[in-house]
Amino acid sequence: MRKEPSTGVRSPILATFRWAGTGGMIVAVLLPVLVAPSDYLLYLGTMTLVFSLLAESWSLLAQAGLISFGHAAFFGIGAYASALLSLRGQLSPWVSLILAALLAAAFGLVAAEVAGNLTGAYFSLATLAMGEILRVVALHWTGLTEGAWGLVGVPGLPRLPVGGLARLVGTRATDYYAALLLLAAMCRTQSWIQRAPLGLALQAIRQGEARAAASGVDARRVKRIALAVSGLFAGGAGALHAHIFQWVDPASAFSINLSVLPLIMAMFGGSRYLLGPVLGAVILYLGNELIFQRLAPGGHLWLYGGAVILVILALPHGILGWVEALLEGRRGPV
Amino acid sequence: MALCEAIGLTRRFGGNAALQQVTLQLEPATIVALIGPNGSGKTTLFNLLAGQLRPSAGTVRWRGREITAWPPHRRCRAGINRTFQVAQPFLDLTLSENVALGLLYGAPAEGARRRRDALERAQEVLGEFGLAAKAASAAWILSLGELKRLELAMAVATRPALLLVDEVLAGQSPTAAQEILGHLIHLRAQGVAICLVEHRLQALLLVADRVVALHQGRVIAEGRPEAVIKSPAVLEAYLGEPGE
Amino acid sequence: MGGLITGAFYALLASGFALIFGVARIFNLAHGDLVVLGAYVGEHLWRVAGWSPILAMPLAALPAMLLAVAARPLLARVGEPFVLRSIVLTFGASLLIQSGLQTTFTADFRLIVPPGWDRGVSLLGVRVAGGRLLIAVTALIILALLHLLFTRTFFGKSLRAVSLDREGAALAGINPVWVDRVALALGGALAGATGPLFAAIQYVTPSAGIGPTLTAIVLTIFGGVGSMSGLLLGGLLLGLAEAVAAWAGGAPWREVTSLGLLLLLLRWRGTGLVGGRAG
């Protein structure tokens, strides 16, 4: 499941990760059955998937060395677009979800134009600014977004009728599987990119944009693609969120938290690895909801802040990086 | 019509003119050596030719077309490639990947489409520079001399028509240096235009067809190697500098 | 006019940030949170002991300064690429500070309203709140002192030397590690000290830090490193721009202005500024 080979020699560690990944996938598919009839647990699962999706989309940019502090922009655009299209435009939630994701991808192209030739920290600051600008716009453009009150009554994805199938997977299984589908699509895209020339270009840009350009890589174009794809899935996550909660407002859709969380989750799990962000999302989100909130309600910032600092100082490649180092140590140098 | 022409190239950094009114022609199947003391503008000239910098004045022409505004990646695809004086390959990638990048993106005519093909071709190219054994290792394990050879391999992989080589002999063992020079001669025989920056003057005498001497951003001498090296202007510029 | 006054305040706000960035090359995303920390301290002192915000400044500077200094060893352990990773680190610190504030001070809005500060004063024919004027004057005084510090004292000059050329300064016998510590301490102190003034201007909540941080970023990028007058100029311009925007389009346009300016500035200055010159 590793995104880049270290020495090109296939190590047994990859096999370990692969087994774990496959196991995780099986659990994921069967989860609604496993947790039925608890609606709350299913909701947790769905939200974990949404955050995993967001974190994965973030890590695509991180591959290219683009650390985004403004992913809330994509998320919020997806949320609001899908809400508006389905609520005001009377479109089916499925259709509006797809259109909203496309719109977010288009914004990715805009972002590429605005910030495309900025390097490192400056790019990050630009993304921060963009996310905040959109939040302010959403807050004050009341004609479109109803401002701080938000949009209420957004149609949700169709529920399963009570009884029958619903007894097996719960009435809100559609939300869950929609999220799972989107996440699977994202991961598939990621792994395809990794094997294609594009993946190499992304890595190269991260390690030396000037050198990459001298080798023929059109950095602007590659960044455009990365931002569009990242935006597509992050927007999809936002749209899902809107339909699950059936409500959007600037604070929840464009909150700085939404820019913070994917960063933390992806880095914590290990943004280098295909499923690292998913792992990060599982640990941090579920950890927060199930454990932390009981102990220290409202203290989630401690958890997240601590996670970030831990990663930067001690786990540069996240949990999976640490696991890999452990495994490598145990089997001796490969 | 020369393959590549620099016409009146000037580049200023703040108040300092690193290059002034430099005019130069580069033809296929020739090796032109660029010499001059440190700070004379050699790397700046390379940056202007390969696109990392834009001139403050003057133009660059390639096969008759004006390419002064072309970004580096476009020039690479057009056939101009270079090594960097401070070797900066992609340290986290394997050597094969380093070279493969150029094959995938910088050589549209005969470049590889698929990653796997590119990696195989990269292996071959690395072999020509004695790096095949380490092809699957990450670039950060290489010594300085090997890094420079990797840079050269990366530049050569795209089969450029013009190759700009910036101090590739530094840090090489005599055998390796010989091989590299042999390689350059081989490339020249294939029609590649090569412009070489080097401090080891004996090497230059061996391979260069022409020598251009820079001093404080201006061309002070140009012509056959033996003549230029002995010219009074060049000697004066180098006065006090131990030649090799 | 109000814009200019706010502008002077902005410059003070940014000074701590610019100092830390200039010397240690660290984008301190926790900057605003240090300000808010100072603000809470100031507000507490005002509520409990009636201290004027200006009086509270030195005391408010203390916790912020301590935090900044404590962070140095952590920052030293950050790997490559330094600028990017240190940003993420300070980001994490920002979250921690926010949660600390939330736990200690709860999340309600706080504001310092010193008596008599809203009394109008005539300045060049325009009426301004006396309190605001006081803040601006304080800001200008501190900025002037900083300017003197940087240009006249050896200490200040070493700071500037390190910010311009780290290796050169080291060769000249200046210990960059010590200078880093000092810069962090001073930068943190400045941020904290600005806090009580901040609390007198607007409501503070634990998460209010992002505003000052963004302002500081904008001004630092505009004003360049090591130049107090650049910061001041930038601050005044920003203050003016915001005031104009608010007057022309209404309150929300204020925030958008500074954000929009940030984007523009980044485009203008953002390529190759960090990490040496091109070529």
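Order of writing sets the labels: A, B and C. Residues in every chain begin at 1.
Operating definition for what follows: a contact is a pair of C-beta atoms (placed from the backbone, for glycine too) under 8 Å apart; a residue touches a chain by one contact, two chains touch by 3 or more.
In this text, all values refer to a predicted model and were calculated from it rather than measured experimentally.
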Problem - Chain whose Cα mean lies nearest the overall Cα mean - result: A
Fill in the blank from the handout: At the largest C-alpha centroid distance from subunit B we find chain C
Problem - Centre-to-centre distance between subunit C and subunit A (centres being mean Cα positions), rounded to whole Å - result: 32
Fill in the blank from the handout: Per the C-alpha centroid definition, the whole-Å distance linking subunit A and subunit B comes out as 43
Exercise for the section: Could you put a whole-Å number on the gap between the CA centroids of subunit B and subunit C? Expected result: 46
Practice task
Could you list which residues of subunit C touch at least two other chains?
Solution key: none
Handout entry: Where subunit B touches two or more other chains, by residue
Key = 52
Problem - Complex interface listing, subunit C residues touching subunit A - result: 27, 74, 77-79, 81, 83-85, 87-89, 91-99, 102-103, 210, 214, 217, 252, 255-256, 259-260, 262-263, 266-267, 270-275
Problem - For the subunit A and subunit B complex, residues of the former touching the latter - result: 4-9, 195-197, 199-201, 203-204, 207-208, 210-219
Handout entry: Contact footprint of subunit C on subunit A as seen in their complex
Key = 65, 67, 69, 114-115, 117-126, 128-130, 132-133, 136-137, 139-140, 256, 260, 263, 267, 298-302, 304-309, 311-313, 316
Handout entry: subunit B residues within the subunit A interface of the complex
Key = 50-52, 71-74, 76-77, 81-82, 84, 88-94, 96-97, 100-102, 104-107, 113-115, 118, 136-138, 154, 158
